[in-house]
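Next come two complexes, and both contain chain A; in the first it sits with chain B, in the second with chain C.
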Partner chain A sequence: MRTAVAVPAGLGLIALAFGVAFSTPGDAQVEASFAVTGGLGEQIVSEHLVATVDEVGLVREVEVGFWRGTTAGIWLLIDATIDARVERTTVDVEVYVDGVRYSGTDRAGSATIDAGVVDAGFPLTGSALVELPADVTELPGARTAVLRIGTGGDQRLDSVIELVIDLTALEVRDSAERESVRDGVS
Partner chain B sequence: MTWLRRNRWFLVALVVLIPGAFVVSLIPRWFPYQGAQPQPDAVALGETATYSGAEITLTGLEVLDGGPLNAPANADVVVATIAFDVVDPRDGAYCEITVVSDEAGYERRWESETVSDSDYEIPDRFAQTCTFAERGAYDLQLTFLVPHGQVEDPAVQISSSAGLPRVLRLS
Partner chain C sequence: MPPLVIVGVAAVGGLIAIPLGGWDTVQLQSRVLPEQPIGQPYTGHRLSTAIDDVYLTDEHPDGYTEPDPGTRFLVVIATMENVTDEPQEPLGSKGFYAFTIPGLLELDREFLISDYSTRLMRDDSNGPSLTPGVPDTVQFVFVVDDGLFAAGDEVRIGLTDATPESADLYSGTRWARPYVAVEVPAVIRDQS
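The block that comes next holds the complex of A and B.
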């Protein structure tokens, strides 16, 4: 009787050990950012930032202020109002498509909101641009691309804002014009 | 004898050990993290506090309407005047001064202006950089831009690398 119980119990414990080993979170899960999610037009509040993304679109050529951006790929154009929640902080915009990270461009300098600095209670309104591959809408994960707005640097265990974007549903325009970043709410 | 009565001491042990295990799990990171957080020490306007080797007194704190001062849109100007008397110099200690307000329902902070963005001019007799490195007394004046109408009762926070985690909160 004891053997009849001991063998299944031993096998069960070994199976349990495998389960524990495989279900233990790795560094990627343990150190993941804390994402606050929302949709277009919603005010999304993280620990550091308050952001409202009004519109996103794909364009082949863009003018922001006096800067004209061309690309061999395609621009993801993001129109947003971003404010610091607690204290002065930088703004960092990036997009993940199927786990691949695409950073906001720094080619437009201070004309775009990305890499700008915001103070608490002083929102900035403007655009951010992320350069994506020309065939991005055909890539796996294009329907669930993630737009992340954070403070840059090491974002492990940090609070970030995320919006899921279906890139395949976006209209592709040949060109778009936007003003440079300005103070205040749009 | 009921099951509860038979196992009462094991149950008592569980009641003690489970919360105990929770507290022990907090020892490596949570308690050191909490201990390293800034510990504000409230000091009233006009009172003197000793901090980082200096006698520090907030002698003036005003919130000025940014409109007449041609401040940037949607900004008021906070002017803080602070008397420092460094009696025990701390070479290499950095000094950071911010304006703090919890009027939004949570605490917000603003850094001082390095160059005035309004028509308010700091008189020449005031220093505009704080230091704990040299013995002697000096008066400091700083300006801060805060959102218009949102900050009416601010405090000035002074922190020094030689004084942390204690910080002064003057108002």
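The block that comes next holds the complex of A and C.
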């Protein structure tokens, strides 16, 4: 009788140990950013920023202000209006595809919306450019790419804005032109 | 003849050869670095790098920076691709530079940021970062003392690699145990 109970109990405890081990959150979960999500055309408010992403598209070559951007990959062109929620802050745009992080380019100088700072109540309208591999639409995760708008630096446990984008659904254009970042209306 | 005797004779012969200089021209195999032809990429854990050209010049590629007296510019052109899952600086930082240049740029040796600049050949943008999976050609411009290198010199540029480990003190990757993986023998041109 004692053996009949001890063996299943022992196996149960081992199974429980496995359950605890596999269900304990790792650093990625414990330190994850607090994401406020939304869709295109929606005003999304994080702890630091108020952003409306109007349009996204893939282009092979782009002109923003006086800067002409070419790439061996492809540009994700993001049109948005962003301002600070409480106080002046920097803007940082990133895209995650299957765990790979792609940053907004700083090659366009001050022409893009993520090149400088935004103030509360003074929205800026403009574009951000993220350079992606040429075959990005064929990568795993291209249907669920995440566009993240934050304040830069270490974003662990920080508030960020996120939009899920299906890159495979975007039309690929040969070129596009955009104005430099300018005053906007949120 | 018993094998033990053969081994013993060989060992004694090897020992006697030491003072006579018999081993002086023998190089430890572990110290022989594989050669990588110029223009051929070597792929490590951080970057795929091909050294395309090396030249000395007195005219900075930016068109306006003048060399200080007694210095010249050593320009290295490399085609690189970031093979990690996050953006990377082309040269890297102290301890794990993308490549080494004997006498100028070596692993574990401080190198002042004012002594070099990087430019993307595609659009001349300064200080670019490399996007994962997007190859590009990068121009590295080093300020060197006049006389350190001369046109026609062969310089053996080392392409490096290291082991990626999860960083403890910051978010991202730290690079452990960097080493020179292959050497690219390149003859320095003069571009006056």
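Operating definition for what follows: the second predicted complex is superposed on the first by the 184 of 186 C-alpha atoms of A that agree within 3 Å, B and C clash if a C-alpha of one lies under 4 Å from a C-alpha of the other, contacts with A are read in each partner's own complex, and residues count from 1 in each chain.
FYI, a contact is a pair of C-beta atoms (placed from the backbone, for glycine too) under 8 Å apart; a residue touches a chain by one contact, two chains touch by 3 or more.
Keep in mind that this is a model prediction, so the values were computed, not measured.
Colleague: For A:Glu87 in the superposed arrangement: first (chain B), second (chain C), both or neither?
Modeller: Touch status of A:Glu87: first partner only.
Colleague: Kindly classify A:Asp154 by the partners it touches after superposition: chain B alone (first), chain C alone (second), both, or neither?
Modeller: second
Colleague: May I ask you to name which of chain B and chain C touches more residues of chain A?
Modeller: It is C that touches the greater number of chain A residues.
Colleague: Can A:Val20 be said to touch chain B (first), chain C (second), both, or neither?
Modeller: A:Val20 contacts neither chain B nor chain C.
Colleague: Just checking: does A:Leu132 make contact with chain B only, chain C only, both, or neither of them? Give me first, second, both or neither.
Modeller: Touch partner of A:Leu132: chain C, not chain B.
Colleague: By the touch definition at the top of the document, which applies to A:Ala28: first (chain B), second (chain C), both, or neither?
Modeller: Neither chain B nor chain C is touched by A:Ala28.
Colleague: What is the contact status of A:Arg101 with respect to chain B (first) and chain C (second): first, second, both, or neither?
Modeller: second
Colleague: Per the contact definition in the header, classify A:Thr71: touching chain B only (first), chain C only (second), both, or neither.
Modeller: second
Colleague: Which of the residues in chain A come into contact with chain B in the complex?
Modeller: Answer in residue numbers: 85-88, 119-122, 183-184.
Colleague: Taking the touch rule as given, give the residues of chain A at its contact with chain C in the complex, in rising order.
Modeller: 31, 68-73, 99-103, 106-107, 131-136, 154-156
Colleague: Contact residues on chain B for chain A in the complex?
Modeller: It comes out as residues 72-75, 98, 104, 106-111, 145-147, 150.
Colleague: Would you tell me which residues of chain C are touching chain A in their complex?
Modeller: 85-87, 120, 122-123, 125, 128-129, 131-136, 170-171
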